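First the structure, which I've put down as structure tokens, then a few questions once you've had a look.
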């Protein structure tokens, strides 16, 4: 298992729908922010500045799976607890648990492929390098 | 199986990220729009106006699962092809295939629970009534 | 005066806030879409494909000014009526009237500068070429 | 003049457009969050919990005016510096200066009307009470 890193979000009025609760695509938005935050919090440079992996453009999504347990609303502080569940060659599974205190709001599981842009302009998935896995360990 | 209904989206500049492609939470946003559109296109009133199901507040999500096959960008027209895969008591599975012409961009599977607000103010899941299933058939 | 072009929007549940009305930044989002739509509806290519203006990256905003008259909600169809109020050298003023039938919801006035990317990578504002102004007339 | 309160934002990848810079409606979204944050940071309860002003629903916008000076991008930390420029009966002017360090990114000026919901369900603008102005002084 890797480190778990928390990313905090203050839920805003404008994040909520007419039912007064978070409009669910915002959770995907926050999980994406938490994914970026995770690697920099582990001490890595941002994807676009990762000189040890030239041409790196980040880790686009192949798949997301989210389960919603209860609702959150504005004025609340939530924490997104992120880790990497599995390194699988060119692909990795990142998981996010969205908590309000001890309450699990929702949980997401993202499948991402680490990609570089080749000289031709094409994207190519690459095996996650050892230095990235070590930083997250 | 139910009807399949298409909902069209013109992808905008502002829907895209620094990689020049649709930022993925927008797909969730469009699938939610397609979900609402589906039932009205089947001839049903909007959830909040569904007098045959008093107190109906709609069908909140329990779970989403999306697989991304290729990217879309601004200036493109995409269609979201929506149907109900299964009625399962108080819960139903709605699927969305996002197409650009013949190309499958991504596909989503949503698990939703049909809910009414009780006099106490609490939400309660209810069995999907026959008139809704008939309208979609 | 230029042509006026309408851009239609079906207001979605997720565009609305806990007060049940459109969360106002969405109007800016739709006005931006209407701005792009305006020029292509006038017969021009999209900014990034405008070969008669090499390096064109579009017309970034210098200023926006929006007045809100009444609210809109989901399930409603609104139209954004866009024109160019003034060509002013490298800058132009684009106006948007957001209507629901005969009701004026809000009106926006955007100041934009037409820009190209120079070989050095720097952005430079350029005088709006005659062929653009003619297409909109 | 009133207090000035800062609200911090970490700009995310998904907040940026294909030009790699913040898509401008996000500034409106952040200024709205900063507006809410301002009053609670001044020691007031959230609008919906303001028992000293029964029925308060907040302060909807009448007008916004934003000037953009330079761009911001993801990975950057920006601060939104908010104050109330003027109390004008039922209306007040709130200003936001968006800064990255010493650099002014953009500045917004919002005209808002303080509103309560009457028993009939209608909204009514009310004079900003003394206790609110005192809290912000």
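Order of writing sets the chain letters: A, B, C and D. Residues in each chain are counted from 1.
Here, a contact is a pair of C-beta atoms (placed from the backbone, for glycine too) under 8 Å apart; a residue touches a chain by one contact, two chains touch by 3 or more.
Just so we're on the same page, UniProt names per chain: A, B, C, D = Thioesterase family protein.
Since we're looking at a predicted model, the values are computed, not measured.
Asker: Decide which interface, B-D or A-D, involves more C-beta pairs in contact, and give its chain pair.
Answerer: Looking at contacts between chains, A-D has the larger number.
Asker: For copies chain B and chain C, work out whether under half or over half of the interface numbers are shared, and give different or same accordingly.
Answerer: Looking at both copies, the contact residues mostly coincide.
Asker: On a C-alpha centroid basis, what's the spacing between chain A and chain B, in Å?
Answerer: Result: the chain centres lie 24 Å from each other.
Asker: Mind checking the centre-to-centre distance between chain A and chain D? Centres are C-alpha means, answer in whole Å.
Answerer: Whole-Å distance between the two chain centres: 29.
Asker: So the centre of each chain is just the mean of its C-alpha atoms; given that, what is the distance between chain B and chain D in Å?
Answerer: Chain centres of chain B and chain D, defined by C-alpha means, are spaced 33 Å apart.
Asker: What positions in chain D touch 2 or more of the other chains?
Answerer: 13-14, 19, 23, 25, 29, 32, 58, 74
Asker: Take each protein chain as a node, join two nodes whenever their chains touch, and name the resulting shape: line, ring, star, complete or other.
Answerer: Per interface graph, the chains form a complete graph.
Asker: Quick one: which bits of chain A touch chain D in the complex? Just the residue numbers, please.
Answerer: Answer in residue numbers: 10, 12-14, 29, 32-33, 36-37, 46, 58, 74-75.
Asker: Within their complex, state which residues of chain B touch chain A.
Answerer: Residue positions touching the partner: 19, 23-26, 28-29, 32, 57-58, 60-68.
Asker: Along chain B, where are the residues that touch chain D in the complex?
Answerer: 13-14, 16-20, 23, 25, 74
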